[in-house]
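One chain, chain A, appears in both complexes that follow, with chain B as partner in the first and chain C in the second.
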Partner chain A sequence: MFHATLDSSKTWKQIVDALATLLTEVNFVVNKNGITLTQLDSSKVAMIDLTLPAGVFQEFNCDEEMQLCLGVDELTKISRRMAADDRLEFDVGDDKRFEIKMIGQAERVFRLQMLTPPDNQAKRPDLKFMAKLEMNSDALKQAVKDIGVISNHIKVTADKKSVIFAGEGDTGEAEVQLTTGEDSVIYDLDSKEKSTAMYALNYLSEIVKAVAADTVIIQFSDDKPMRLDFGIAEAGSISFVLAPRIERR
Partner chain B sequence: MAQTHLEPKGGHGPTFNERVCSRCMGHRALCGVSPCPLLMRARALSNIESAVSGMNLSGSSPPSVFVGSHGYPKVLAGPLVPPVRGVESAIMERPDLWLTKSLDEILALRFSLIRTKRPIPVDAAVDPPRLLHETQTMALSETPASSEATLIKRPRFTSIFSGRTLPIGPSAPLRRFRLEDNPSVPKPVDKVTSDTDLNATTGVKTLFDEGIHQQQVTRLFSIGMLGAKKRRRLVPTEWSITAVDDIIGKELHKQVLRFRWINDYLVFTDYALGNRVTILMMPNSWQFEALECWLSGPDPPVISDHEYARGRKDYAEDVVGAYYATRLPALEKLVDMHRQAGVIVFMEIDPKKWVPLGVWRFREIARRGLEARPKRFSDLDEALKAVGKTLENRLQKYLDASETYTQFISQSRLTDFF
Partner chain C sequence: MYYSDLATTYSAVEQTSGTLDKIEKFSELLTRASADDIESVIALTMGKIHPDWKDEPEVGIAEKVAVQIVAAAAGVPESEVTDSLRDVGDIGEVAEQLLSKSAQATLFSEDLSPNDVYEALDEVAHLTGPGSAREKISKMVGLLSDSEPLEAKYILRTAMGDLRLGLGDMTIIDSLSVAFTGDREARSSIERAYNVSSDLPWVARVLLSNGFEEVTSVHPQVGRPIRMMAAKKLATSEEILEKVGGQALVEYKYDGERVQAHKDGDKVVLFSRRQERITSQYPDVVEMVTKHLKPEVCIVEAEIVAIDPDSLEMRPFQELMRRRRKTDISEMRDTVPVALYLFDILYVEGEDVMDRPMLERRTLLEEAVSDADRVRLTSAELVNKSERLDEVFKDAVATGHEGVIAKAVHDDSVYQAGSRSWLWIKLKASYKEGMADSVDLVVVGAFHGRGKRTGLYGAILAAVYDETTDSYPTVCKIGTGFTDEMLVEMKQRLDDLGRAERHPRVESDLDADVWFDPELVIEVIGDEITVSPTHVAGKGILHEGGLAIRFPRFTGRWRDDKSPNQATTVEDLVEMYKNQRPEGP
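Here is the complex of A and B:
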């Protein structure tokens, strides 16, 4: 048995949109502490790690741990039907359906069939990073778009004082340089030495679209995965991990 | 011996320039040679002038219909009727049985069909007038239907080819059309077409699941017999071919995403009618790329379109119809194998042996190629070497044009790091 309520349909929409960037199926793990999700995308290039503590919800009850495996298309279609001021209720009863109730002017109920969960659960990665920066998420979105004009990959370089996003394509090169200081969009930068890595833009542009918070934390190392963290629904958090592109052999 | 070269007699006459011909389709005189040598040949092959003496045409349609795209939303549509009767005409609409035929045989088959036409607004399918209704009834049939048509003018060769559709024979404006007996309608076809609440996409999927031949599904889609009643439309044949390829492909795509990856690299290949299709499957999540090359000039360019795991939302603008026509067999094969893979399709067209037969050739060559046993490799370079051997153009030329290949070799996976 699982029951939870959420006052803001906007929060739920943000969560679903974030999951839809990489996944076609979501596999929530629900227990008394809240809802978590740790999943690789189908090509194993990127990963989403979502934590929604019970406190995010107004009411939250779960008597035993369960897996909720659902199709993302269906979730997206349903969340599009939510009105801005709808209150949401989630239930899983004995009939093994995931029930979403929208309470507003009308009371609307959607019951979704659950899918078979995958055999192997992805593990939360334990990665050490050389560079860590906190920045304005709009500035990141703009930088990714700028590089996307020319290139299909983005090279990120961080040193003590600045962060550079760069890319090159058949038609030329593009570069966005951000330095720390007052009024800078870089709020915090911690890079012991110069770190550089390259990431596929088709992934990164999808990921940054999902950032709903004002600030985002980026961590990476030389030719290693990048991790992007941001808050969602006040007490919740999402992180994306993206594998690097390696220079052509 | 079957003739596969389509060259004008005499040897010094005009030759076929595939780029020009593919734009001209025999009716714009772009090459400056008049009359069009292709058209002359078509005329000679079909001998239609002597077969149809008056304005009355009676014969067994395969069944086949054609909806033009010119002038949309008011289009020229009508049944295709050969001047002969009998069940033999069925093969005229079955490109899947043509790969072993010569070009001349194929053209002779198609050019014996007379395209009757009448201007009809596409939304007439909501409440079909008599002539359209009769045409629709014929489209339901799975076997050739005896019919009689009265023409306004004698059939003439005008535009015979289009990039995507099957070759079209001589055409004539239509006055009257009548079926002589009741069509034989498969049960699922009857059920889906009479369901006026079912949307067209679901209709196509249902028919496909029921094992209705793709050619018939496309025909029903084109003549406006699928979809919710008020939204039924005539769909130009060339659009409906790709639409059906895409709708069925999308459905299979969803299934494929749930399967395990293949373990090895697989190479499939086949050749027919001047076209080479080679398919490389790689251990990866679903991604698809179609690479197409016309073998003209010393260093012919390769055009490409691709999609990643989530499929594509916009139209494949460079490879167009052939993209969807080859994606479908690739997905069919993966569903059949219960496996997931990244797929690259290499298509080569030899212009010297080429006439515009429509995109069906890529679909059917790919299907036949995928039925055969693949070559299996544990190493990408070995697999690519095998791919290269099947192609005339340099392999590197293809790889340079390929987006998904570059991604495949340069993108690391998270599983490499933890």
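Here is the complex of A and C:
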């Protein structure tokens, strides 16, 4: 049995939108501590890792660990039906259906059939990063859009003092340079040596759309995956890991 | 075994042109396969994840989608893929080239095995419903991102259903024989096992894990189609009787659709000549089989014939095909009712009877069928004089039948699954004019019409099937025999098959205005078969040139019941050419 309530439908929408960037099916693991999700997208190029501690919710009860496997398409359609001031209630009872109740001027209930969960849980790749930075998330979104004008991939370079986003395509080149210092959109930068890696923009632009927090932490190494961490639903956190695009010679 | 082993062998096979060299290279790979992966290896090489009769979805990645997949896997814009596709002409090769410059990495990459590739493609094939198009692309991107450039080339080609190695089913069988018995002597037993089971990956596994003995004793199974035996053709009754050994069971050739019915209690499955399940198209036939076949378990063959609802007289094949294309079966069942004419029994109450002589099988069939108005055995007569054969033929034609089939009745007159055999010989009405045989040809290209035919095709380019190279070499350009309606229908039927470039498996020295996927099969008659500098069928087998059909005309019969690889083969054509007698004075 599972029961939880959430005062803000906006928070729920953010969660669903973040998952919809990469997944067509979501597989939540629910236990007394809260809700988690660790999933690869079907191309195995990117991964989402979501943690929603019980404290995110106003009420939260779960007597035994369970997996909630649901279609993202349905979740998105339902979250679009939520009014801004609706209160939400989530329940899984004995009928094994996922029930979403929206309580506002009317009381509306959606019951979703659950899908069969995958056989094995995705494991997290073992990663060490050479560069770590914390920056303003709007600045990141703008940089991704800027590079997208010219290129379909983005090259990220970090050294002690600056971060450069760059790209090139048939029509030319683009570059966004951000330096640390007072009033900078880079809040923190830790990169002892120069690190460079390239990532596909079609994945990255989907991922940055999901960022609803003000700041985001980016970590990466030379030609290795990039990890993005940001807060979601106040006490919750989400991270995306994206595999690089490799140039072969 | 790794998929890279497979890809390396494919590459070597693709680069050699001789069939024997191809067999040598592919069989060497097969010796390295294990019981766990041989089925995937054979299925991937055949370019079919499941045999047709299993009614499973195909991977069916279209070229447009393949472009998106390659773009994402190589991390380049789609325009770059489209551009190099225009230069290179093959998306597999484009993938190989682009991926060797740059590639999207995955978070967990692994060395692919043939089973990994098989399972991933099977998963892609089974994705349906909302979001499945995106999911298919995503899965394929993951697969290509995990693969080396050379692997990507063949994975993509397999996903598109065309490996283009020139390794046909028969060449794969030869390779299995060489790999597991040392030479090609065993090929006929392996072929027989394939013909009986219609599942070559399965035969390969039996061969590898249970040995050659087990393959020689493969029996039919209800629910698994047996590849149908086919008849040869001859022009005169004298030749026919001589060929079958003096005596023949002469049956009317009904103008209908051949069916293989599998009965297990009240469960009935109907297979077409193409091994498609046609059970749902013929609920009335299912009923007839349940009601009028006495054995609990059996496999029989019959001709489904359209009849007039009032007079119960036979109606032409086209009527039946009209019904086949309709989706509203229950209505068609009343407007185009059918009768069932049974002519063979292959399996009865757990016993394989394919190796019994023809007359014994006929007796078993008589015992198995309780006659009804619309369910009966084919009309048949034991004949040993050519005059009588001619009379039966005349009667058959006069009563609206296509002609007759004379079947050998000697001790060795077994059911030869999957082969066109001299045990059954056709004498058909149409042979009285022009060429001795009609042929079933595959439409591979067309030329724009002029004048009255503007907007339609003025002529079509037709091909036979080459079993050894798994390709379609052209044999003639057909411009006559079409009514206006046929030309309109031809255009409609070819609309979905059109393509800008020649299909890679089509061989032609002519440059058609439009090219097609080799799919549509039509019946054609001509005056004779000649050596031709223009057409490429059988090139090199007989003379300098290929073989061509002179003055070909379309008979009006669309052979929807035949798949392109069941069309007339190069081998058939060569034999017809050799049997052709010089024209009289």
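Note that the second predicted complex is superposed on the first by the 247 of 249 C-alpha atoms of A that agree within 3 Å, B and C clash if a C-alpha of one lies under 4 Å from a C-alpha of the other, contacts with A are read in each partner's own complex, and residues count from 1 in each chain.
Following the convention adopted for this analysis, a residue touches a chain if its C-beta (ideal position, glycine included) is under 8 Å from a C-beta of that chain, and two chains touch if they have at least 3 such contacts.
Since this is a predicted model, take the numbers as computed values, not measurements.
If you put the two complexes together on chain A, you find that chain B and chain C bump into each other.
Once the two complexes are laid over each other on the shared chain, residue contacts for A:R245 go to chain B and to chain C alike. Within the superposed three-chain model, A:S42 lies in touch with chain B and with chain C [touch as defined at top]. Residue contacts after overlaying the shared chain place A:Q177 against neither chain B nor chain C. Of the two partner chains placed around the shared chain by superposition, neither chain B nor chain C is touched by A:Q58.
In the superposition on chain A, A:P225 makes contact with both chain B and chain C. Shared-chain residue A:Q113: touches no atom of chain B or chain C.
In the superposition on chain A, contact of A:D126 is made with chain B only, not with chain C. With chain A used to align the two structures, chain B clashes with chain C at 150-158, while the other stretches in 24-32, 150-158, 168-176 or 258-266 stay clear.
Judged by the document's definition of touching, chain A residues 24, 40-47, 123, 125, 152, 200, 202, 225, 241, 243-248 lie at the interface with chain B and also at the interface with chain C.
Per the touch definition, chain A reaches chain C in the complex via residues 24, 40-47, 72-73, 123, 125, 152-153, 169-170, 198, 200, 202, 225, 241, 243-248. Note for the complex: chain B touches chain A at residues 254, 257-258, 284-287, 308-310, 340, 403, 406-407, 409-418. By the touch rule above, chain A contacts chain B in their complex via residues 24-25, 40-47, 123, 125-127, 152, 200, 202, 224-225, 241-249. The part of chain C that touches chain A in the complex is made up of residues 72, 75-77, 79-80, 99-109, 130-131, 134-135, 138-139, 141-142, 145-146.
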